[in-house]
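One chain, chain A, links the two complexes that follow: it is found with chain B in the first and with chain C in the second.
For the complex of A and B:
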């Protein structure tokens, strides 16, 4: 089973992602901020990381820069409500940028493209 | 997909991201985001991280080195998450009333100027600056072969105050399906004055500036750098070619080398006079030649390409937004005097 780390400060969204992506056959671990995500990454291996950008503490772009120092090979999807972060070229360290919407279809499609089912 | 919307009164076009933000607080400035990280520990533009960019569309690289690997000197890649997307011809639509829009079709490329994170344009050897300018010309020519792109804008944001999100030196290219209002205004002004003077107004400005000399910052065989008479910003400078041409991509080899020297000299002067300021550099050139000659048959005679460089020393605030007037606390004659001495 492919393992996904979801970094998202909105706990309801984490639960929703765990439920929806679980139905697709993925094992989801949630981290509510960047430090918790880095701690998870040191403990376990993941096949994919989905991260928000605007979070308390370190933001998602800072988190991605730190992940690149640890593991460059894990695909990363940015999942932000705000698409203008695309102007920040540090977001290029991620493999995809999905703007949050009421449907998870685009996110699920990107996950399949990057790691399969 | 984004769309271009036209303000019916001013004629100004705006790129609107149709994927809307969910919450107003998403627009609060986020700590860290938008800053140029000096030591983030990772940079997608650095040598060795080629896999983190989209595949290169052009590169100057050592013989035998494969694309998207180290061995490059200048590298051009499409924007990974562009504001405008490549597509077929964009069309003008209306929403039944006076509101017009077009599909957000365009090209957005990044020119990574060198593999070293800390080497700015002013620090590079003249030969390397010449290579970069040659890449500008190559990309303009290539993109203009697709006739639905009416204008190719080359611009550089250096430093976070100038809008750079990453400190690795880079220039951007955005091609749009319409001619930007700023360029149209210059073309209309140049046409009007061409009819009065029977000569390119830019050539006349260059002649008068050279005669007076008080706003000339640098002059060589092919180029002149001046602090414009009605500079909007302190230490604003313009680089004009002495040979009249509306098309940047028409530069010959000798002129390209001379431009590299001129640009580097200008940037060093700004760096030394103003303690390495953030700046914006923009290229103003004719729109796509095929389309421009149809729309303005005499554009070859009345328009004159140039670079504008704006050090970021002041902020555009309420008065400027409200009136369109700019308050410049440094007369261009004074600015030119300081820059000439360096």
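For the complex of A and C:
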């Protein structure tokens, strides 16, 4: 089973992602901030990281920079409510940028593209 | 020994050189928070200040898009008026403030005549009008002295009909190679020929005026850009704040629409959806609140009942249950200057921040006391996480927040209220040691009387 780390400060969204991506056959671990995400990454391995940008403490971009220092081979999807940052995601070393939407179809498609089921 | 001098001199020596007097008037005016129009008035005043000093009349055109538009024309309408004005202006003890006030009145008095005569006068630059004086001077960025104007074919006929004088001087207003306007000067009453000295002095005034308009225009552009940036930042932030609850509501609603949803899951989802809708309501309320164009005018009122009403409100009472809330309101408080509703909202915001920052079981202290004969202080102290110095520097910026679900509008609102009623905010805080907000308001003597 492919393992996904979701970094998102909105706890209800983490719950939604865990349930919906769980149905697709992924094992989801939630981290509510960047530090918790880094701690999870040190503990176990993941196949994919989905991260928000705007979070209390370190933001998603700072988190990605730190992940690069740890492991460069994990694909990263930025999942943010900001539409306007979409043009910048390549420079932040992420593999995809999905604007938050109540339909998780685009997110699911990107995950499948990057790691398969 | 050290001597101290003021930038502003209240009056001029009669025997001061006219260059000195003229430059003093202009630079002192720029020292004041005058508007562009007022400062232009000062420049024209300086150019026409007094009998035998300067010119009789000064006309100002400002560039608007690709046009030079008549803006202001200062000077007497008749020789009698000229005599009277110059007599007033040469009265001993008359300072530049009086001269400007006098001319401001003159300009408005002249609305029916001089300034109004040129209000409809406009010359398109880069068009055939640029072949004719006065626009020619602005187009070529050159100073022109026109003599024998009625016989000169290069003078715009309409302009000549208005100015009705055979000798005048055109000074273009140019800064950084950009044209900002044009000043036209004449001696229509004294008929004194315009001398090379007059031209030198007038061109110097033109340079100062151009640079002033240039920096004023830049300042205006900067303010506009800042406003646009703030609007952009706001739009982006609001989108973000709205999208999160919308995504949650949409996602959990989709789950409810799937077949065979357990009762527990249905209840849980409905609760999540309801909570997110309440959050959206709060966001909309706060936005509407913050975007209010103007706050109500401050007035004197009794704070004691307002503080009690806020503290006893169900929302505050509900949140206060998890804390040790310590309230001390002095008796016989003076009346305080603020809009009462805004005051209540300020206290509510301070308490909300204190609750948000402090873990359950912490202490929140509210103090209301007279500080001096003329001031009252409302204090809210908490034992929460405190505010770091970098956050202190940004905390009044709209949309800056350290809260998970905050809007970053509470402290900017408090700041707006305090600015409106002439109060001050003092913040003392160290990370991990809680925060203290002291809000000082102006008071009126007379205790609780209304």
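Keep this in mind: the second predicted complex is superposed on the first by the 111 of 117 C-alpha atoms of A that agree within 3 Å, B and C clash if a C-alpha of one lies under 4 Å from a C-alpha of the other, contacts with A are read in each partner's own complex, and residues count from 1 in each chain.
Basically, contacts are C-beta pairs under 8 Å (C-beta built on N, C-alpha and C of every residue); 3 or more make two chains touch, one makes a residue touch a chain.
Model, not experiment: these values are computed from the prediction.
**Student:** Examine A:68 and indicate which partner it touches, taking first as chain B and second as chain C; both and neither are also allowed.
**Tutor:** Touch partner of A:68: chain B, not chain C.
**Student:** Quick check for you: in the superposed arrangement, does A:101 touch first (chain B), second (chain C), both or neither?
**Tutor:** Both partners, chain B and chain C.
**Student:** In this superposition, which partner touches a larger number of chain A residues, chain B or chain C?
**Tutor:** B
**Student:** Going by the contact rule set out at the top, does A:92 touch chain B (first), chain C (second), both, or neither?
**Tutor:** Touch partner of A:92: chain B, not chain C.
**Student:** Is A:58 contacted by the first partner chain B, the second partner chain C, both or neither?
**Tutor:** First partner only, chain B.
**Student:** Can A:39 be said to touch chain B (first), chain C (second), both, or neither?
**Tutor:** After superposition on chain A, A:39 lies in contact with neither partner.
**Student:** In the superposed arrangement, does A:82 touch chain B (first), chain C (second), both or neither?
**Tutor:** A:82 contacts both chain B and chain C.
**Student:** Report for A:9: first if it touches chain B alone, second if chain C alone, otherwise both or neither.
**Tutor:** second
**Student:** Identify the overlap between the chain B-contacting and the chain C-contacting residues of chain A.
**Tutor:** Chain A residues touching both partners: 54, 80-84, 100-101.
**Student:** In their complex, what parts of chain C are in touch with chain A?
**Tutor:** 236, 239-241, 243-244, 246-255, 272, 275-276, 402-404
**Student:** Using the touch rule from the top, collect the residues of chain B that touch chain A in their complex.
**Tutor:** Residues 17, 19, 21-23, 26-27, 30-34, 37, 40-45, 49, 52-53, 80-83, 110, 165-166, 168, 170.
**Student:** Quick one: in the complex, what on chain A touches chain C?
**Tutor:** It is residues 9-10, 12-13, 15-16, 19-20, 54, 56, 80-84, 100-104 of chain A that touch chain C.
**Student:** In their complex, what parts of chain A are in touch with chain B?
**Tutor:** Per the stated touch rule, the residues are 53-54, 58-59, 61-62, 64-66, 68-69, 72, 80-93, 97, 99-101.
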